[in-house]
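Several structures are given next for inspection.
Look at the two complexes coming up: subunit A is in both, with subunit B in one and subunit C in the other.
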Partner chain A sequence: MNKKKIRDLMGEVMSWLASSITIAACLGIIIYLFNMGHAQIDIGFLTNEPATTLETEKNGILTPLVGTLLLTFIGTLVAFPWALGTAIYLSEYAKRNNLTETFRLGIDVLSGVPTIVVAIFGLAVFSNPALGFLSSMVEGVQDVNRAFGRSFLVSGITMAVMILPFVIKTCEEALKSVPDTYREASLAMGASKWYTITKVILPTAKNGIITAVILGMGRIIGDTAIVWLTLGGTLRMTGVQPWWRPDNWLSTLKNTGSTLTSYIYFMSPAGEGHQNENAFGAAFVLIIIIILLNLLTDFFMGSKEIGK
Partner chain B sequence: MVYSNSGSIIISVKELNAWYGEKKALSNINIDIKKNSITAFIGPSGCGKTTLLRCLNRMNDLVDGFRLTGDILLDGESILSKNRDVIELRRKVGMVFQQPNPFPKTIFENMALPVKENFGNVRREKLEEIIETNLKAASLYEEVEDRLDSSALRLSGGQQQRLCIARALTINPEVILFDEPCSALDPISTMKIEDMLMELKQKYTIVIVTHNLHQASRIADEVAMFYEGQIVEQASTDVFFSNPKTQLAQDYISSKFS
Partner chain C sequence: MDSLELSTSLSVDKAEKKNQSIRVRLGRLRDSVCESGIFVLTASSAIIIVFIFIFILIKSWNIFAVNGINFVLKSGFDQQIIEAYHAPADKPVWHFGALGLLLGSGLTTVGALLLAIPLGIGTAIVITELSPRWMKGLLQSFIRLLASIPSVIYGLVALLVVVPFIQDNFITSELQLQYIKQFQLTGNSLLAGIAVLSIMITPVIVALSVDAINAVPHRYKEASLALGLSHWRTIVKVIVPSAKSGITAGIILGTGRAIGEALALSMVSGGIGNIPNPADGGVFFLTPILTLASAIINKSESMSVPSINAALFACGVLLLVTCTTLSLFTKIVERSIRRREGLE
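So, the complex of A and B:
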C-alpha cells in the first residue's frame, strides 16, 4: 500500500517537473524575445522597408512582413482547395484497397520530408523554362535557357506542396469525425452523394477544416528553407517599383523578396547584418503572429464539437 | 399466406438471401407488404430484421462486402436491377433510424434540406408551407413553431425523432421504414409516435422493426417474426398474437408478455 503511494507520488512529481520545465522554457523564450525585441517595435519599424546600406535610422520590416503575408496567402489559396478535394476523395469515395493505402503512405512520407528537400525540388521544377511565367527568365547568359525559378508565386506554390500532406490529413480527420449517421440520414432521404457532402458533411466538419488551414498557415509562416531557396535573398521587393502600386502587383509576385524568417536570418550574426536588435524585433513580431493564429485555432477547435 | 384483409401489395420480397462477407444474414425471405398498412418485424436480436429493412431502400449498398440474391419488387418493378436509380428509390422509400439523427443545423434547415434537394429551388412561401404541413403531420409543429431557427440538437430525444419523421415526410415517400424508432425514447414520446404512425398509415405504407411486442400488438396490422435470418411466421396481428402457429412464436410471445 505504502509502496503504491510512493510510486504515485513519484509519478506525479516527475510529470509535474517535466511540464514545469517545458512551460518555463516556452515562457522563457517568449520573455527573452520580448526583452530583446520590444524596444525595436514602433510604427517606423513596421512601416519602413529594410535599409539598403547600414543607415540604421530608417530600418524596418515592411517588406518582410508583407512577404510573409503574401506567401501565406498564396500558399493557402493553392493548398486549400487541393487538400480539401483530396481529403474528400480519401474520406468519402476511396475504397479500402492497396492503391489508396499506397496513396496514404505517399502522403505520410511527404509530410515527413524536410522542407529544404521540398525547396530544392521546387527550385528545380520552377527553373524549367516552360514555367518561366511564374518567375522570370534568366537573360543575358549565353547558352542558358532556363527560368530564374525564384519568386513569390514559385515560393507560394512550393509552400502549398509543403503543407499539403498535413492539411490533407487534418481535413480528412475532420471529415471522418462526422458521424456516419448523418451520411445515412442524408442518403436515406434521396439526397445524392455530392449533395450530402456539400450540404451535410462539409458544414458539419467546417471548424475542423478551418483549424487545419490555420495550422497549415502557421507552417508557412514559420518556414525558412523554402523561402531561402525559392524566394531568394533580397530583403526588398525586386519587382517594378513602387512594389505596392496595384498595377505593379503581378511584377511583385513574379519577383523576389523576403519574409520575416529570412529577414531574421539576414540580420542575425549568421547572415550579413550584424543587426541583432532588428532580428529580435522581427522575431518578436513573428511570435505575435503565431500567437494570434493559435488563439484563432483555439477558437475554432473549441467550437469544433458538432452543432455548437 | 393468409391475410385477414385484402389490400393491394406495394412491396414484394422474393426468395431473398443476403450475406455480410461470408456470413449469411437472411435466408429465403418471402414477404408481401400491403399498402397503407403497418407491418411490424419482430424477433430476437441479430435475427436479420434491420438487414431486411435496409434492403428495402438499398441502404445496405453502403456496407462493404454486402451482397444478396433474390428480388424485391416495389409497385411491381425490381429495385435491385442494375439500372434502377437508387436516389429515386430512396425518395419513394424513406427511412427513420433507431437513434434520432437530425443534422446539426436549425429545425428549419433540417426540413428544408430534403425539399431543396428533391424539388429544386421552391419558392420560400411554398417551402414554409411544406415544412409546416409535415411538422404538423409529425405532431411537432406546436412545440417548435416559434423556434424553427434554433438548432435541432436542442430538442429533446422524442422531439428529435419526430423531427426526423417529419423530415422523411417532406419528400412524399410511398413507404417509410422505421428501425426501432422508439427504443431510445421515454414512454410518453413513444405514445406520441405510435399515435402518429396510426395517422400516417392513411397516407403512407409503414414497415417498423420493434422489440416491443406490446407496441407491435398496438399498432401493427401485420406481423412477421424473424429467427436466425428466416421469417418463421407471418400473419395479421390478431391472428399472430391470439393463435401463433409455430412453437418459436409461441415461446417468444410468452417470454415477452410474461
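So, the complex of A and C:
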C-alpha cells in the first residue's frame, strides 16, 4: 500500500516538475530579456533609425518598428477578408461532399507547411518579371530579366499566405460556436441566408473573429524566415528618401527594409552585428508587443478556451 | 370619384409591388454574387498548396534531374555550396548531397521530441488534473505565451545563454584540439539545437494534449475512481490512454514545427552540415550541425548562383514532402478517431 502511494506521489512530482520547467522557461526568457533590454529603451532608441556601427549613440529601432507595423498591416489586410470568406463558406455553405473534403485537405496541408518553405515560395513567385510591379526590377545585369522579389508588399502577401490557414481555422471555430437557433430564428423571419450571415452570425461571432485576427497578427510580428528571404537584409528603408513622406510611401512599400525580428537577427552574433545590447533592446520591445497581443486575446475570448 | 381613387391606389400598389420585386431580385443577385465570391476565395485558399508544390518543384527540378536519389544519399553540402559559389559561370557545379542536412533535421527533431513529449504531457496533466482551479487559467496563459514567443527570440536567448553554457561546461581546449581537423567545437551544436527546439515545441504538445484530456468523458474518471483506483492511477491508466489520439496529434504537429524551424536552429546549431558520429561518445551531441530548414537561411546569401538557388529549393522540396506526409498522417488519425466515435 505504501509503495503504491510513493509511486503515485512520484508520478505527481514528476508532472509538477515538467510543468515547472516549462513555466520556468517562459518566465526565464521574459525576465532575462527584461534584465538585458530595459536599460536600452528610451525615446532615442524608439525614434532613431538604425545607424552604422560607427555612430552608436544615435542607434535606434524606428524603421524596424515601422517595418513590423507595415508588414502586419499588409498581411492582415490581405489575409483577413480571404480567410473570413473561406471560413464563412466552409462553415455555412459547404455541403458534405468530395469537393469540400478536398478544400479542407488543401487548407490543412497548407497549415502544416513550414514558414521557410512559404518564404521561398514567395521568393519564387514574386521574382517573376510579371509581378515586378510589387517589388523592383533587377537592372544592369545582362540577359537577366527578373524582378527583385523582395519588398514590403511581397513580404506582406507572403505573410498572408502563411497565416491564412490558421486564421481560417480560428474564424471557422468562431462561426461554428454561434448556436443554430440564431440561424433558424433569422431564417424563419424571412431573412435570406446571406442576410442572416452578415447581420446575425458575424456580429455574434465578432469576438472570436477579432481573436483570429490578433493571433494572425502575432504570427506575422514574430516571423523571421519570411522577412529574411522576402524582405532582404537591409536595416534602413531603401525606397526614395525620406521614406516617411506620403508621396514616397509607394516607393517605400515597393522596396526593402527591416522588421524587429530581422533587426534582432542582424544585431545578434548570428547575424554578425555583434551589438547584443541593441538586439536585447529590440527583443524587449518585441516581447512586450507579443505579451500585449496575448492579453488582448485573453480579453476578447473571456473565459472561453482558445484552441491551439 | 370613388372608382378613380380606387384605380389610382391600385396602380400605386402595383408599382410598389413591382419595385419590391425588383428589390428582392437585386437582393438575391447580391447574395448570389457574394456567395460565389466566397466560393472563389475558398477554392483559391485550397489551391495555394498546389502552387507551392509546382513552383518549388520547378525551381529545384535540375537538382533532382542531375543528382537523382543521390541528393539524399550523399553528404558534403557545405563544401559543394562553396565549390558552386566559386565555379566559373560556364561550368556551374550541380552536384549536391543533402544527407548531412537530412540527418541534422532528423536528429534535432527526435532529440527535441524525446524531451518535449514528457515535458508536454506532464504539463498537460498538471493543467487538467492536478492544479487547483485558480491556477489552470494562469498556467494556460503562460503556455500560450510560450507558444507565441518569436523564434528569433528563442534563438537570441539560446545563443547567448545555452551556447556559452555548453561551451563552459562540456568543451575543454583538449577536446577542441582533438577535433580541430573535423570541426570547431564552439558550443553551437546539436545539443544547443535540441535544447531550444524542445522548449519551442512543448507548448504545441501541451495545447493539444490539454484539449484531448479535457475531452475525455467525465464518467470514465468517475468510474475509475469509484473502483478504488487512486487519482494518479486513474490519470495514467484511464485518462491519458483515452486521450491518446489527441496527444498523438499534438506530437505530430510538434514534429512538423521542429522539422520546419529554421531561424532559431540556424542561430544555435553551428551552421555546418556535419554528420555526428556515435563513436565520438559525448562529442556526438557537441557536433555543429545544419538542418534542411536552417540551411535555406544560412546559405541564402549565395542564392544568386542558379545552382545554389536550385539546391536550396530542393531542400524546400524535402521539407514540403515531409510536412505534407505528417499532415496527411494527422488527417488519417483524426478520421479513424471520428469513425470509432461514430460507432460508439
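Structure notes:
The rule is short, and it goes like this: the second predicted complex is superposed on the first by the 286 of 308 C-alpha atoms of A that agree within 3 Å, B and C clash if a C-alpha of one lies under 4 Å from a C-alpha of the other, contacts with A are read in each partner's own complex, and residues count from 1 in each chain.
Throughout what follows, a contact is a pair of C-beta atoms (placed from the backbone, for glycine too) under 8 Å apart; a residue touches a chain by one contact, two chains touch by 3 or more.
Values in this document were obtained by computation on a predicted structure and should not be read as measured data.
In the three-chain model built by superposing on subunit A, subunit B fits alongside subunit C with no clash. In the superposition on chain A, contact is made by A:Arg96 with subunit B only, not with subunit C. After overlaying the two complexes on the shared chain, residue contacts for A:Ile23 are found with subunit C alone; subunit B is out of touch.
In the superposition on chain A, no contact is made by A:Leu250 with either subunit B or subunit C. Contacts of A:Leu187 after superposition: subunit B is touched, whereas subunit C is not reached. Contacts of A:Lys4 after superposition on the shared chain: subunit C is touched, whereas subunit B is not. Of the two partners subunit B and subunit C, it is C that touches the larger number of subunit A residues.
In the superposed pair of complexes, A:Lys199 makes contact with subunit B only, with no contact to subunit C.
An angle of 90 degrees, to the nearest 10, separates subunit B from subunit C at the C-alpha centre of subunit A in the overlay. Superposed on chain A, the gap between subunit B and subunit C at their nearest CA atoms measures out to 9 angstrom in whole units. Residues common to the contacts of subunit A with subunit B and with subunit C across the two structures: 192, 195, 306-307.
The part of subunit A that touches subunit C in the complex is made up of residues 4-5, 7-9, 11-12, 14-19, 21-23, 25-27, 29-30, 32-33, 81-83, 85-86, 88-90, 93-94, 102-121, 124-125, 161, 164-165, 168, 192-195, 218, 221-225, 228-229, 233, 261-262, 264-265, 268-270, 276, 279-280, 283, 286-287, 290-291, 293-294, 297-298, 303, 305-308. For subunit C in complex with subunit A, the residues that touch the partner chain are 27-28, 30-31, 34-35, 37-39, 41-52, 55-56, 58-59, 118-123, 125-127, 130-131, 137, 139-146, 148-157, 159-161, 199, 202-204, 206-208, 211, 214, 230-233, 235-236, 253, 256, 259-263, 266-268, 293, 296-297, 300-301, 312-313, 316, 319-320, 323-324, 326-328, 330-331. If you check the complex, the residues on subunit B that touch subunit A are 57, 59, 62, 64, 87-88, 90-91, 94-95, 97, 99, 101-105, 113-114, 117-118, 151, 153, 164, 167-168, 170-171. Interface residues of subunit A, counted against subunit B in their complex, comprise 95-96, 179, 181-192, 195, 199-200, 203-204, 306-307.
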